[in-house]
Structure formats: structure tokens, C-alpha cells
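Heads up, the thing below is written out as C-alpha cells.
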């Protein structure tokens, strides 16, 4: 029996079909570049928007420890039923890693409760992701910063709840900053948002970026516990009768 | 021109109409007991479920600094359009105080992103709310704890995101604990969840409880700032041209 | 009787005496520039290192709601006894605003429990402080960012505990970022660390910087409550006798 | 080469020598009961107060991934030099688990920056530790709560900084609550405070308590990274010359 963490990489997978430029960077889709980066340490499977149930069948999610999410131009095409299914799985402990433009996905907005809006610019900004929580396992093996020669810019204000842990902050050549690596706990699930990865840049081939995603998968792995008991609860101690009037 | 904070107390206002027992405790509705507790320091108005637009018209919300929410048995009757309207106002800075069974309201669940489920029991438990953040302004003027002779029990696990600040933790006679006073920031809005206040107990006449709610209103008051700018952003600094291959 | 918040601005006040360059920027000392910026809204007094008890007598601290701290080259000359006195006042609710190079002061390190180390550079970097918590009262009245034409650079990693609230993040021309406006709660006291203000720049005359400091004073104001009771505590409920053996 | 986490259990080890009652519960010392509970999964060594350098030599600490600390009546006998040494190791990533009365140890107070004071009572209170963060790895394998038939009571207010994560809250028979399982990050080190374990109770033989401590060790394991670089930093980007006047 496999002891490996089971990771499902979900990708919208439309840019790659429609744009020559994107296809030249990710010929097999962004999902496969991400999955390849995870390597043999994990058991990797894929799912994409245009498959039935967006590839996220009950069966596949029941066999997923951590779900990675990349979406951008078709957030609205993800059905509410699948969003509910993923949400319910996160509540029960499945890890979720939301990448880049996934900040505007239905599932991320539902989990955050905010608009998740931000500033952006496609102008080949240099990006430098500085580690601000050097003891965090997601930063394991990473230097003081990760430098990307060119990326899409995302700038503050990023409308998210205060992260439970802020791990990296980006500096952009054009003058902005961004909280680029953030963790959140929702229900029994652990959520990791990681900024880089615009479809026209080879970001998911970068070894440091791949390391962060692998670290994130390990961090987001489910904790083995029974689901909490909710609802009407019998007293564990005697309750004195009160005289009310 | 009034400088007072403008508070709208929203109440489902159905228990009071349908139950003799509840009416005997809150003859004018829970909302009026809460509003009376706020006193002359604030400009108080009311809104209830069965009014048009649940009493939460655009005009009334535009004149609300802090909204207090009490609901219980009819969460599903609140239309999604009004929930969106309230949510949008919180994003733009309106304070929101969610009381007791409001933990299961649509607006609270939408803001939290979790199930907001919990344990409960109607058995006249004694409750003792211990202050764990004595320097927080919401605890101003409050002793080491507030004791309520009898209340409905709410027990952990309470399925909320980790609060930004945890101010009180309840001890219950029957053996449970609960995070009873919690704050959250969402968008530009401040949210205060406060546990006590089952409809059959005179909790909202308790002076300490009233003080906490008043403190909460002051804490949740909007900050005067322009709404952040989102979207496509011009560089503030020159960006070097990159050679890509 | 005055209802104004009583602010004491503490300054090391040595650079100004020893350096013509610094004196030309702050002829009456950095403390007076900061105090002047607070304006008539507060009751301002001053204290400096070379006064007896560093100007921080029992009497003065007993009449201080919020203490502002600027120090740089002589942290070691502050006696441990005065550090203890200030620490004890913070535990009991006095607010503390630590500015710029005060990150290395004895009192800040004692409150943080970490090294408080960072990167720095004196090279006329442009600094842009981006607001990341737009709803926080410390950001009231502040635009999307504050731009300073030239300042000393402070860069991550900044070795502090995760702030309770992160309000601003700085972008620096030379390529670094920094968590520039952070709050912490310690004991009953509220602590606000604010980065800008190297002695050779006219930063404390900047209207936006002054506004942030004034906002910080209001935020850090003490909460009126009795000091918590610690030590041996009689049971509030009967405890059943246990048979042990 | 061993891949096991190297755990050092430090114990004051005086109660056991001086009190027949304590010795009857922990004949080989509290440290050995804790070490035995960790089991073969870890590489366990011990250190006690009355050894030279309190058993915490440079060599031993250099071979320690996680240090567990139990002290009570002799906090003052721990030399400042050893406290500094342990503190420096935590800054560089060593995990630290502080148990029970260790809340008043020099090292914990130094790391927290607060008084770490609390209420207490030795009266055979029943304690029930409720899990409030069910997804946290420290709660792995733990039920809804851990019940201890009799323990010393610790009650709020517990004067610590707001924990980075609150994992368990205790209910006490005599009417109090306590934040019993809390995590903190300081420097590169992870700190876990866990409340139970008065010397006269067999708490460290309890399987659930042992599981929590083992979980805590794994959680607190160091992250493999270089120590951050601090101090004077050369620019990574060109800085324009400023004209100052």
C-alpha cells in the first residue's frame, strides 16, 4: 500500500489550447509542469476543467490528500456543485494549494470570505520573493529570496483575511509589494496561497518555485482525526436546576 | 450634525411573535433590548426580517456604521441579495457584530468561509465568560469574568477560522468550553462575534453583556479611508526590458 | 481635568548634539519634531537619555498613557532598572510606540523575545510604504502608500515574532521589502512598531508619517480595567473528592 | 546515520529527590516518564538541573533538535548563561516544548516577553482539554477532548502573547478555563507550550498526553535552512542619486 501523499493538480487548461505562446511554454499544460516538479516523492494525478465534473469526481477527491488549483480566465465555468464538493473536502481536512490567478477562483473566494481582489500588471517585472518566516517548513531549503527575472506583477492591497502565517513577501521592479506566500486554516483543512505562475512565464520549471510547492504539499497534508461532533450535546457534568421567574 | 456612531440592530423577530415565553422576556423584541442597552451614546435604528428588504435598504445601510445581527430559526429566509448587500458593505468598512445563534446566519458563514458549526444544549447551564485578552478595548470595564446564571450552552469545536483576536472563553457547567468573543477583519470591515443571548434568557438586560456590545460597536467603527484601488496598475518605477527566448 | 491622552516622547538625543548634519535636520531634537507632529490633540511631554533616570521617573511614567521611543547608538546606556520599569508599565497597559532604530532597544527586544535583527543600508533609497490592512485604525486617513524620497533601508528578514497585525510593508529602491508597521499585544499593553525615521532625513516632518504616529497613539491608548488577579485561586464551583492511589 | 529526531528532555529533578509522594509517582524522575512516552520513534537523551551546565552543554544542544523543559520550584537556579545558550539555539531553529510549571521558567519568560503569570490551585480538579484546532498536526490522533481525573488547576488570565495557534482549551471542575496547548514562533524556532503535568499526578503516563507531546516534537522539528543574513546590505538594484538640500 502506498504511503505517498496523493496530490491532484487541477488546471483550467484553456490558455494552453488557445494560445501558441502559452503552449510554447507549457506544451503539456501547466498541470503537468507542476506535477513533474513534484516528482516521485508524491503520487500525482491530474484534473482539468473540461473533463466531466471538471475531473474532480467524488472518487478522485476521496483519493486526494492535497489539491493544487490553477485557474485564470474561466473561473465562472466551474460549477457551484463542484465548488461545494471541494469546499466540503477542505472542511474535512483535504489540503488546498491555490496558485497565482487562482486568487479569483470560486473556491478561494468562498474560503476567504473576501473579494480577493488585487492590483496586477503584465509588463515583465522582475520579482523577488523575500522569506519573512525563515523557520516555517514551507521555506525549507529556500534561500533568503527567490528571484524571477520576469513575471506578472500582483500588488497590494490584496483583499484577503490576515493570513495565519505570512511566509514570503514579493518586491516588484515597478514599485509594488505583495504577500506572496500565505497560509490559512479553514475547517480541518490547510490552505496555502502561492503567488507566482503567470501562464506566459516558465515559472513552474524554476527549481526554487517547485521546492516551495512541494514543501506546501507536505505542510498541507491532512491530519488523521475523526471529524468533530457537532449538534445537540449531552452534559458531561451534572447541571444544577435553576429557579427562573 | 451628529457625530454619534450609527448602529442598526437587525433582529429576525419571529420567536417573540410566536412564543409566549420569549415574548415575556423580550416584549418589544430582542432588538429593542439590545438597542436600549446601547443607550444614548449611539444613534440606534432597527431592522427586522419581515420588513421589505428585511429592513436593510440601501439607504439604511448607507447610514449604518455598525450592524448588529441576531437571527436563529429563519436564516434561510434572508434573501441572497440582501446577504450580498451586507457583505459588500462590510468589505467597504461597515462594522458587523454577530450575536449568538447568528453564527449560522448566511452573512457570517459567507464571511468566515467555514461551516460555523458547534455543539449546543438548552439545559440552563451556568456560563462564565473569562477574559483572556485583558488589554483589548472590547474588554474595557469588564471584570475577570462575566457570570450568567443560566444560558444555552455552545461548545467546541466551533468551526471558524482562527480569530484575529480571542477576547473571552466560556466555561459551561455541563463540562464544555467555547471561544465566546472573537474578532475578525474582512475587507475593510471589522467583525465581532459574541456568543451569549439565547432568546429565552434575559441576557441582553445584563449590564456587563451590554457593556461588551457597546465596546464592540466602538471597536468595529469604520476607518475613514478611500476604498483601495484594484485592477490593472501602471508601474511607479521604470521596468527594464527583458530579452525572452 | 484634561481628557487628552498623555504622550511621552523619549529620545536618545545624542546624534543631534554630536552631528552638525543631524542638528541641521532636527535642531531641537527628534523628540520635539515628533511631539510637534502630534499637535494639540494630545498632552505631550519629553524625556531623554541623559536626564536623571533617563527622564523616565516613576512620576512621569505614572502620567503617561503612551510612550514613544526613539534610540539608536546608545541602547546599551539605558539602565536595566529603567527598562524593567518601562516593561512593568507596558504589562499594566501603557502603550508603547517604537520607532525606526528602536528595533534594537533593550525594551523592544525584551518585549519581543527575539534578536530583532534586520538588514540595513544608508544609501538614500526611495521607500514606499504600502498599506496592507486598509481597515486598521492606524491606517486611517492614509492613501494607498506613503512615499519617502530617501531613507535608510531596512530589509527582511526582520527577526520579530509574527505581528498580531501587519499594517504596512515597505518597498525599497535597492530591491528589499520590510514589515514596516506592525502591532503586538504584551500583557495589557499595546505595542506599535513603525519603521521610518533615520536621523539624517526629515521624515518626522512628513504629514503622512505624523498621521500614522498620531493614529498609533490613539490605537495604543490603555484600556481601563483592573489588573488581572494571579496566583492561588479558590474554586468557584464545588470539586468532588477524588480517590487516589 | 540516524534519521530520528533528537530530543533532549530537561527536568529540574528536585521534587523527585525531596518528596516521597512525587517519587512514588515518578521513581526515575519526570524526565524518564516523558522520554519513555516518546518511545523508540525518537532518539532521546536527558539533562537535569544539578548536572554541570545543567546538563545542557554546547555539545548536547548541538545534538538536540527539540528540547523539552520541565521546571517548577528552582527556576532561579538556572544560570543566565545557560538560558542565553538555549535562547540562542531556539533563535537558530531548535524546537522547544515547555511543559506545565515551565511557564515561569527563565527561558519561557524571555521568549514570551511577558510575565507568564496565571491562576493556580492544587485541589484535584478534573480537567478536560478540548481541541479547538482539529486540523493541527499537534492534535493528530486525539479525540474531541482529553479528560484527566485530577490535576492542578491553571486559570486565565494567562499572561502570554496571543499564541500563533491555539490548539486546546481546558475546562476545570472548579470553574476556570485555560489556553492549554499553544504554539509560538520565535526566531527560526518553534515553541509549544502544553499545560498538564503537575508532579504529584501520573499525567505523563497518560497515552493521550504522551501522544500530544510526541506530536509536538514532530511539529517543532527544525527547518533546514541557512541562518538569515543580517546587517549592512548591498543594493540588489541601482539606486538613483538624490539631490538633498
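Annotations
Order as written gives the chain letters A, B, C and D; numbering starts at 1 within each chain.
The criterion applied here is as follows: a contact is a pair of C-beta atoms (placed from the backbone, for glycine too) under 8 Å apart; a residue touches a chain by one contact, two chains touch by 3 or more.
All figures in this text were calculated on a predicted structure; none of them were measured in a lab.
Looking at A-B and B-C side by side, the one with more C-beta contacts is A-B. If you average the CA atoms of chain A and of chain C, the two centres end up 36 Å from each other. Chain A and chain B have Cα centroids separated by 30 Å.
Here the CA centre of chain B is 31 Å from the CA centre of chain C.
Each of residues 128, 131, 133-134, 144, 155, 157, 162, 164-165, 173, 175-176, 185, 187, 228-229, 236-237 in chain C touches at least two other chains.
Arrangement of the chains shown, judged by which pairs touch: all-to-all, with no pair of chains left without contact. On the side of chain A, the complex with chain D involves touching residues 93, 128, 131, 133-137, 139-144, 164-165, 173, 185, 187-190, 222-226, 228-229, 236-237. Every residue of chain A that touches chain B in the complex is listed here, in rising order: 91, 110-115, 117-121, 123-126, 149-150, 153, 155, 157, 159, 161-162, 164, 173-176, 184-187, 228-237, 239-242, 244. Interface of chain B with chain D (complex): residues 128, 130-134, 144, 155-158, 162, 165-166, 169-172, 175-177, 179.
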